[in-house]
Amino acid sequence: MNRKLRIAMIGGGIGAFIGSIHRIAFSMDGHYELVAGAFSANPAVSKKTGEELLLNANRVYPSFQKLIQAEALLPADVRAEVICIVTPNHVHYEPARMALEAGFHVVLEKPMTFSLEEARLLHKKVLESDSFFMLCHTYTGYPMVKQARQLIQAGLLGEIRKVFVEYPQGWLHTYLEGSKQKQADWRTDPSRSGLGGAMGDIGTHAFNLAEFISGLEVSKLCASVNTIVAGRKLDDDGAALLQFSNGASGVLMATQIAAGAENNISIRIYGEKGGISWKQEDHNSLRVEWPDRPTECWRAGTGYLSEFATQNSRTPAGHPEGYLEAFANLYRNFARTIMAKENGVTPSAIATDFPGSNEGLRGMAFVEAMIRSSQQQSWVDFIH
Amino acid sequence: MNRKLRIAMIGGGIGAFIGSIHRIAFSMDGHYELVAGAFSANPAVSKKTGEELLLNANRVYPSFQKLIQAEALLPADVRAEVICIVTPNHVHYEPARMALEAGFHVVLEKPMTFSLEEARLLHKKVLESDSFFMLCHTYTGYPMVKQARQLIQAGLLGEIRKVFVEYPQGWLHTYLEGSKQKQADWRTDPSRSGLGGAMGDIGTHAFNLAEFISGLEVSKLCASVNTIVAGRKLDDDGAALLQFSNGASGVLMATQIAAGAENNISIRIYGEKGGISWKQEDHNSLRVEWPDRPTECWRAGTGYLSEFATQNSRTPAGHPEGYLEAFANLYRNFARTIMAKENGVTPSAIATDFPGSNEGLRGMAFVEAMIRSSQQQSWVDFIH
Amino acid sequence: MNRKLRIAMIGGGIGAFIGSIHRIAFSMDGHYELVAGAFSANPAVSKKTGEELLLNANRVYPSFQKLIQAEALLPADVRAEVICIVTPNHVHYEPARMALEAGFHVVLEKPMTFSLEEARLLHKKVLESDSFFMLCHTYTGYPMVKQARQLIQAGLLGEIRKVFVEYPQGWLHTYLEGSKQKQADWRTDPSRSGLGGAMGDIGTHAFNLAEFISGLEVSKLCASVNTIVAGRKLDDDGAALLQFSNGASGVLMATQIAAGAENNISIRIYGEKGGISWKQEDHNSLRVEWPDRPTECWRAGTGYLSEFATQNSRTPAGHPEGYLEAFANLYRNFARTIMAKENGVTPSAIATDFPGSNEGLRGMAFVEAMIRSSQQQSWVDFIH
Amino acid sequence: MNRKLRIAMIGGGIGAFIGSIHRIAFSMDGHYELVAGAFSANPAVSKKTGEELLLNANRVYPSFQKLIQAEALLPADVRAEVICIVTPNHVHYEPARMALEAGFHVVLEKPMTFSLEEARLLHKKVLESDSFFMLCHTYTGYPMVKQARQLIQAGLLGEIRKVFVEYPQGWLHTYLEGSKQKQADWRTDPSRSGLGGAMGDIGTHAFNLAEFISGLEVSKLCASVNTIVAGRKLDDDGAALLQFSNGASGVLMATQIAAGAENNISIRIYGEKGGISWKQEDHNSLRVEWPDRPTECWRAGTGYLSEFATQNSRTPAGHPEGYLEAFANLYRNFARTIMAKENGVTPSAIATDFPGSNEGLRGMAFVEAMIRSSQQQSWVDFIH
């Protein structure tokens, strides 16, 4: 890698949680330089954010449309190359579509779109494009999540039989949107969040993690999706029985009303020969259980891991990395993929191991299936 | 308590795992004396077991029928008072019925009976009887499980919204019954185990724990029950979405094919104000989570627990008791209840806090509902 | 084992914590029958305790002298065979000596004696006697402690280099003896406890555990022993640098003023090739660390353990045993050793693996060395 | 903060572990821009590192002397303002002294200097200088370490009585320097590392953490320092009994031969009213133990923490930060302090809460005392 990629942000203005997370993530390894932004639908907020970030005022835009149009006209060695979109769900599809059409690489927050229909269109657009596209399923960036996937692909557990995945949160256990708290406000609003509340926000993460690690696809599910807090307009809790393509079964749980819970997304997978478990609360450990020998604790940063884990670490074992580094791994691999193309070489399988539009489409199909199954009180097939 | 209760065993011959567990459990606190037994359907095994246990040969019987008949004829101060039945499921109802009719107190292993129909009959029999009846849902004997129930009853969590309960085991992840392994052999045989395999064996434990701690009743469920190991005749895996009487929802998981898993039955319950979690792997801790203050770890043997927990402990905090003591707690409370009656006093609520025939009936209704729901691929109501 | 051993108790009257622990421990596996007792220096308390325990009043004695004299005169098939001594330290030596001289087997609480001089005498007495003698270093009865010792003896860690052992308690962080609390009262009284307070009470446990698991002997130490709570007459806290016979070094810590601590005795040992750690708080796990492969968690009740661990378990993996079962293991092995002699066979190495008078003598030498080193502010050799 | 500070590095060439850690740490929050470097004593390596880091070739220097001289001559708005020194210990004092004298702010790796004498000189130099100076005791940057210190300063534990601190590593359990491994090579070489090996490298971290959290100073110690691996020229293991200024006692352990150990620096502190424990392996938790109520687990990112913790976090509870963020906290606070001065305001107590030359001097005095005590086999006082 011999230069920094120029990146522009859509969304992520002052006070937006996820905006600063993205900036840390893409800054961490020195592969990106922030050059432009349309940080808010409110031009004044966008302007002020640009000032705080020490950006050239000419490249701080009052709208995403202006950003895409103006940057596209800049000289090739000046204009942004990557556009990172961190807006609420209803402002995902349009800027992503425009950016792809204008030849930018795109990094997009999850869930991919407002609706399943938009997801289908965007996935098609990505397939037709020469640009690269990344969807921010951050948890797939953890080294021990990578290791778990590798371990299963190598057959250590034998055929997979059972997948348990869950994402318990507690921050919406009260009617937080009543106070206009920024994060809660749009996430619980159907006009900005889409069909799903918790299912879109964190259910998609759990779903994606299950498919990523297991290497399997969910084919059917039977769900119970609930709105537990009075007055809320979208779901804040749900669970489903899962059926996978290979015949394995599973359970998925995602809730935002588990009062006292933090963000302990976790997964357990059992195969014919053994089982694994991983949880964000202890993300540098991967527990591997065997029927006939001691349980093993594989640790990030050690010498016995696969390259997929090793190349997604920065520190030796026991100097813990965390969520921001997992996020930075996504950005780093995305940069390596882009630069490989620029340099005319094939990017490594490790570099290209980031979530894309297919994962985004499956996530939106998951949300739709959860809601439909719950309404019908029956098992449903996935519709793409 | 000023004398030992005389106890007789049906089942529990040499090599039977659960028989020796019961003997340790009822011996631990000095409230019982083993005086008789019909330890096996094989009279020779029964005889040999009696010898090993140093019993009077006259009171070692070749069949449960003989035991009940003969003991009933002995003088009141000699004959057994409590009959403990630890046979496979198909030999639960008949000896329990006979023992109750002959005026014995009864301790019975779970699941209560071979069929739901038998469960209805036995429950009726218990209600009509003057004898006491205990069903061995051992996990309810742990002090921190008692504490969890008390804490919820006291309203610390507010209205309950969500219950997650699970019982993962791995010991049947292969076709173990093919080798005639004693424990696997009858548990996987429909003619001895009944309608359910894993659902009866451990699903009932998970179900009972959820109802015991939450103080709620499951009213509906939607299940997926599987037979995963080729050649097996009964289910070895299952999960269900649950609906509780107060509107709370939940998830139950029970499997015996989770290769590498031990017996880590665990539960998490969330209410409006906070959540609790308990797991057998760390059974002396009860984790209590709050949205706005530090997570608490309540520990067995400490001074701040309720009497329900304290009176089910023997050692100070940090000198861990375990599964055998939880089992002994059931027996001790049962003895205290019997002796209170003998002494003409009302037993304490702590003494009578052991599972009975209503729990047994609900457990059998649970098994039936799981199988029915899975076959119908739909939500089903409980039938009693 | 074809009969129960007859056991008598000295000490352990109503309200004595450790008395009921012993009774549970020797009852658990059916190898002992309590037949006599001198439960208190107060004859009325002894009498009342005997009644509660349903003993024959003739065999409840007002003093230990009377018990030993009277039982010795009973017919060989009636009299007690084992005498269990659970009195404060200043009443250890005399009853133990008398019991040995009268031909009884002896079980004695730790520390072995009031003084190092008494320990020398008692050790000599045991060596000269035909009776068996057991000292209650209970923690050596845990299956995973046995496994740890076996694993080191088998050379898996290579030469041992480093031993860290600690026993933190908090129950004496205030001047509890001021309230005459029974446990605190005698333990903090030099006329009943001896030279050491915390060093004798729990320091000896930590010291014994270190020598038992490592298979090494401490040869020198440099200690700091403190009396932290104002008004206290004996030490309540201490630590030492250790030197072992093979050149390994170590650290020992024992304190009773660690406010909030329970009884989490724990140990870590590192050799040339790897390390182990064990702690009472998670006593069914033995963590084994390697430089070049995943950390292992060996678990009680599993199939891959040595016979030393397996024969000291009763339940399958995941059904946790605890402190009482560890204690019961000591008693069970002691019974097996006695019965082997009676049956004219050699007891197994597993049966004879219980602590004896040599461990007791070393424990007293440890206490003496700790106090001496701390007073001299220098390294000291062990004196036996 | 309205501009980026210009930073230059001395040391940290290609392949140096700690160099890239520093670059991530100072990049993370956007407060620094790397403008110059003398990355290696080998000019070619320095040049190549500069190229990889996309620096202006004019500002990549062949030696630290050249860097300091040349940067000092650049215009005030161009030249580096902060000089970060990450060389081996024998190249700490001279560049730090020169940088301070030339008016640069200085960030220096630990231990502060090669010798205690140099430490005294450098501390004096810092006191006389108008520049700011930071020593990289990274572990003090963790939010829950900050919280621990605050909690003790607020008196929640009462008077401190006991401090246990340890830093176990395993990476030097073999003669790694024999293979010229870069990290091992200089750390085990007395001519580059100084008086202490493990004591300087990690013992100083443990020592600093104990003083930082407890708010106490060690006044005396009695140590055993060892060279365990054959052929090694410096200590690789040590432990000490500690005496604190307020009369509290403690134990410190630091070893690099604990085969299998990672970097689990940990600490426990007990006061009159309760205790705390923190360990890097679970660094987002602070366990607080009480004698009479449940143990508490305080968690990073939650709403009930002090500002000292909150302002050293970036993500909500459950999205774990780690070691790199702790390091970045040091840099962020250092930048805030510098900018406060530039802006003519008083920096907050949170901003100035980073380790400085007094901590560095105490660390070197610690190393000297450890070695001296071990050689004399006696307690020694601290000499500054």
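A, B, C and D label the chains in the order they appear, each numbered from 1.
By our rule, a residue touches a chain if its C-beta (ideal position, glycine included) is under 8 Å from a C-beta of that chain, and two chains touch if they have at least 3 such contacts.
Here the structure is a predicted model, which means the values were calculated and not measured.
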Give me the set of chains touching chain A intersected with the set touching chain B.
C, D
Greatest separation from chain C - chain, by CA centre
A
Just give me the whole-number Å value for how far the CA centre of chain B lies from that of chain C.
35
Cα-centroid distance, chain B relative to chain D, in whole angstrom
55
Intercentroid distance (Cα basis), chain D paired with chain C, Å
43
Return the residues of chain A touching two or more other chains; collapse runs of consecutive numbers into ranges.
171, 261, 288, 295, 299
Interfacial residue positions of chain C with respect to chain D in the complex
157, 161-162, 164, 166, 168, 170-171, 173-174, 222-224, 226, 228, 237, 239-241, 243, 249, 251, 253, 255, 257-261, 268, 270-275, 288-291, 295, 377-379
Can you list the chain A residues touching chain D in their complex?
2-4, 17, 20-21, 23-24, 27-30, 52-54, 169, 171, 261-264, 280-283, 299, 301, 314-325
For the chain B and chain D complex, residues of the former touching the latter:
288, 292-299, 302-304
